[in-house]
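Would you mind keeping the following structure in view while I ask a few things?
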Amino acid sequence: MDKKLFVSSSPHVHGQVSTPAIMWTVVLSLLPATLWSFYLFGLPAVTVVLGTVALTAALEAISNKVAGGPLALRDGSAVLTGLLLALTLPPGLPLWMCGAGAFVSVVVAKAFFGGLGQNLFNPAMTGRVFLLIAFPAAMTKWLVPRGTGESLLGHPVTAYDTAGKLVELTSAKVDAITAATPLGLLCEKGAGAVAAIQNSPDLFIGQLNGSLGETSAAFLLLGGLFLLVRRIITWHIPVAYIGTVAVIAAITHAVDPAQYASVAFHVFTGGLMIGAFFMATDYVTSPMYPMGKLIFGVGCGVLTMVIRLWGGYPEGVSFAVLLLNACVPIIDNATRPKKFGLTKLAAA
Amino acid sequence: MDLLVIVLLAMLTENYVLAKFLGICPFLGVSKRMSTAFGMSAAVLFVMVVASLLTFAIQEFVLVRFGVEYLQTIAFILVIASTVQLTEMAIQKMSPVLYQALGIFLPLITTNCAVLGIAVLNVQRGYGLIEVIVNSIGASLGFGVALLLFAGLREKLELRNVPEAFQGPAIALVTAGILSLAFMGFAGLAPAS
Amino acid sequence: MKALTFRGGVHPRYNKDRTAGVKTALLAPPNEVVIPMTQHIGAPAKPVVEAGAQVLVGQVVGEPVGFVSAFIHSSVSGKVKAVEPRPSMSGVPAMSVVIENDSQDSAAPMKGRGENWGKASKDELKELVRRGGLVGMGGAAFPTHVKLSPPPDKGIDTVILNGAECEPFLTSDHRLMLERPKAVVEGCRIAMAILGAAQGVIGIEANKLDAIGAMTEAVKGTSIRVQPLEIKYPQGAEKQLIDAILGREVPSGGLPMDARVVVQNVGTAAAIADAVIDGKPLYERVVTVTGSAIKEAKNLIVRVGTPVTHIVEACGGVSGELGKLICGGPMMGNAQHTDLVPVTKGTSGLLFLCPAEVDTRPADPCIRCGRCVRACPMRLMPTELAKLSAVGRTSESEAFGILDCIECGSCSYECPSRLPLVQEIRLGKSAIHAARRKQSKK
Amino acid sequence: MSSVIIIAVIVMSGVGVVMSAMLAVGRKVFAVEVDERHEKLMEILPGANCGGCGYPGCSGYAAALVEGKAVPSACPPGGAEVSSAIGKIMGVEVSLQEPKVAIVACAGDPTLAPERAAYLGVSTCAAAHAVAGGFKACTHGCLGLGSCQSVCKFDAIVMTANKLAVVRADKCTGCGACLEACPRAIIRLVPKSQDLHVLCCNPDKAKDVKAVCQVGCTGCKLCTKQSPRFVVDGFLARVDWAVEGDIPRTVSFVCAPGAIFDARQNKILPWITEPSERRDFEKKVELWKEEEKARKAMAKAGAGGDGDQKPARQPKAQSAVENAGGQA
């Protein structure tokens, strides 16, 4: 034999799934919501999304270069982080702020820890929370979605104006009015202020003001289901998370409808969908075992609702996910499955 | 309900480590192992409650009575230092392993600003005896939660490929920073009294 | 009947079509065989012939040293050329008896008990198995007589024959069940008689319907039943097989006999029948020769000690370039650095992969996706164990059950980052064993 | 004004008295005995936690010393200095041992001892050794993945450009950590004062060794003619430290494959590929040969006063039967 044979430890074959494939699949699953945000918010949305993704990728490339490792852009994780971050930002956020968020996401929360797979906190959520705390004004300046002039689902497109009044958008006249989000109104004025929209299909379709990617529960759900079907994520975290939010909303709404909003309102507004399907399920920063995933989901749900209902911030998804990220080591330690040979002992 | 507010405030919203940035020294020092962190939390719980009670007593019955409130800081430090000494002796006797693991950080609770902080805060807010106890328990629980979460994270960090430049305290501080960001979510949770 | 299974596992591409329908053929013995003394788990056998001696087919050339060891027989007749270390499948040279084949195939006298073996005592049957040099033929090569001698207090009630053959590419057991079902059943009955077990079960994966049919036909009138199993790897791993068929879990750290079961490979069962009925020792076996780098894939009856090069010639040679040569299946087999090594009793297959099939990409970092955790049939946490092993934190990995790992390879197969999890775990296990040995020496 | 000060002083003193009373009681209740020798020992131990003493770290060694379980001379990095300091603290006599250093007994880098397979997988020596018996044709040769280097706490092991581990005798403390790390057990501890070693562990016959390595010991026994300290077991030469005798410097060039290592050169001839360097080296060898001849002649003339040369003695160890009396 003239050429040396390869030798390696068994197994000698591998499955088809690869890390880059997983990352790009998640990116793909986010595309409907992204495109919808382009349609809804127009150019400001395109700028924020493309700008953030480009900046994230560039920062990742630089970090890799500095760390001396191979250029790992191929694995798609940087693009995914950038896209996820962008989708949690309000349309029209200045690009330099997007860059600051990208820096915190990719460099501080990820590269400092050693890059892909080494971070303890979800990079996109870390970036968003940083921006929220550093630039509260800019981060709560919401654009009114594009008035289509035509109604979807048989009634006119609506949005809140700055005074918190529901305005019907009858034509494509407004492109840049600042407005409050439904959750912001709920936080400030209670459930009465959002009564009109509480059970509106707009919540589901997402013709509302809010962060780019979080407005449309429908498209996010579509992406999430795609990931479930492709077995990229398991049902545990999304079901536990959304379920917990629904249960708490149902109880509080039943107790005091004037103070607390309905289940549909809580489930379909804010960042819950994107958080439950895309942020909380991030492999690196979520528990490994089924039981742990359920605990994680429930924990996220409880904290989200605590912050939404009684906290100072209108939305609690990003804080809740980060806080539960911090609990992952403890959850993992506590929920290790019983190994084979300990559960069904052969009856003597 | 007021007491619950005090606990939540002390534990989460005004978390001594992550929101007020007090007691960072033991937070970074003894958070490498879960077991040590647990021992430290217990020690801090004991010291905080005892020190709060003692300082409360001294404030009420000595400093105010004799009109020497300006001696507050020095008197409190004396009390706290003695309490810590006592705790140290007790731990050395009862759990030599924990004593070894805590090392220098045990005597350092003496100068731990968190313990002094709570004693001073109790006086500033004019808390009564029950409130003092509740507040100190809440604060030490908050310290414990932060320390345990952080210890769990640091245990995991040991198995991750942190770049050499960031290993050790550097990455621990970055982690603590992000954890602190996350705790900001509790802002406004329980309105300050 | 519903196909049974266990929790966890993976679904690799089976790639069995190329040889599943190919009838087993006899391979003419080579001009020279190299018979290693280490063909089994346990102490190496001691060579009992010297260079220059004349030997017959089936003559003992190596005697066991101690209880956990096995007889080794000549697979050809001819002259012993040398007794010296030769390259072996373990990668390091092993003491071997080299025999020049005189092509006479003159056999040593074989004394079996014939069809009325039922009259023989248990010890007599066990001795026949021992004299036959039988070892587990599924790959692990554990001496069979040891497996058939559990402490009497174990109360063995079931013998399970492993016909799952869950390793991709391999079809030697499949062909054996089709071509010699009676021998398999007889072997199972003998094992049951030796162990005093009332029940016999032959577990076969549901993708081998013809084998299920043939075996169902062959077990008629016996207390043995055929159990179809779900198509999943590692369905044929002892502990998983017992769990699937009987719903019993072998306790952690225990052996199948702790669940009152003895598991034998179907090939071993046939060999038991040969040894007891005909007195024929184990000097040949069915080997599946396959893979994209071999011209003609075949199931061959190969004499022990036949060099791989001889088999390659018989299969039309290598097509294109050879990238990897694996002894056994792709999930648990061992890569070889040369084809100059001889086939042993435990060689169930030879897999020839072309260079394109060898994954040379470097591993990505672990992203904690948990696929390995879901795949692990022992319900361990492979990625965590691998990391702990890599940094040498053995006490923790031991506490998390690293010693329970059966090294089936499911975790590494599933890993999207292609991390060498099994290799790290294996190293961690051997580090623990080494530390224990050191401790016991002190 | 003075009353204020007095009150303050009284208050603080009062508080202090109460607290110290509390502590005094505490001291009684929680009294713990501490052996202060432990602390003293910790001060003098090197603190590298290398494990060379066989205990978990310096603290473990100190504890074992205090308990009387360990001997004072067990700290290899500390050497004689630390041993005697320990002896002083513990109040015992210390028997000094000759300091040892590790040596990698393999000279066959991949240019001299070829690789037989392309290894893929975990990049540690133990891992590679376990896969198909290692990727090197010689199953006793250095795999060159640097596991010994990574366990060395003293930066005493360097990997050559050709992937071969070499110990730097000046930095090596003889703690033995690398011995454990090497899956092929080709690192051994040798007396620090010695600088000629056989760099080969392959016990196979000459034919088999030649097939896998250009610098492997073939067991030709030429070296035994040079010095009684060389012993050939089977087909592998080694230096027997128990045998007294001198080793002429030129011995490393008698060895046909070049498996004998001269630590003074930190190199063996086959490693030098640069032609000019090779020529220099060869010139040096010629010089040594001359020196050696002169020295021998002097010894023959019976110059008993030669200080640094021991008179040839009869070999004491029975293993040196091969001794041809090359020096007498």
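Note that the chains take the letters A, B, C and D in the order they are written out, and that residue 1 is the start of every chain.
Definition applied: a residue touches a chain if its C-beta (ideal position, glycine included) is under 8 Å from a C-beta of that chain, and two chains touch if they have at least 3 such contacts.
Because the structure is a prediction, the values reported are computed rather than measured.
Chains that touch both chain A and chain C are the following: B, D. For the criterion of most C-beta pairs in contact, the winning chain pair is A-C.
We define each chain's centre as the mean of its Cα atoms; on that basis chain B and chain D are separated by 49 Å. Remark: chain A and chain D have CA centroids separated by 57 Å (rounded to whole angstrom).
Chain centres here are Cα means. That of chain C falls 43 Å from that of chain D.
If you average the Cα atoms of chain A and of chain B, the two centres end up 34 Å apart.
Among the residues of chain C, those touching two or more other chains are numbered 334-338, 358-360, 365, 384, 420, 423, 426. Touching two or more other chains at once are residues 161 of chain B.
Shared interface positions of chain A, defined as residues touching 2 or more other chains, are 4-9, 114-115, 117-118.
The touch graph of the protein chains shown is complete.
The touching residues of chain A, counted against chain D in their complex, run 4-9. Within the complex formed with chain D, the chain B residues making contact are 58, 62-63, 66-68, 71, 74-75, 78-79, 81-82, 85-86, 89-90, 92-94, 96. Partner chain C is touched in their complex by these residues of chain D: 116-117, 120-122, 124, 126-127, 130-135, 139, 204. By the touch rule above, chain D contacts chain B in their complex via residues 4, 7-8, 11-12, 14-16, 19-20, 22-23, 26-27, 29-32. Partner chain C is touched in their complex by these residues of chain A: 1, 3-15, 17-22, 75, 114-118, 283-284, 286, 288-289, 336-347.
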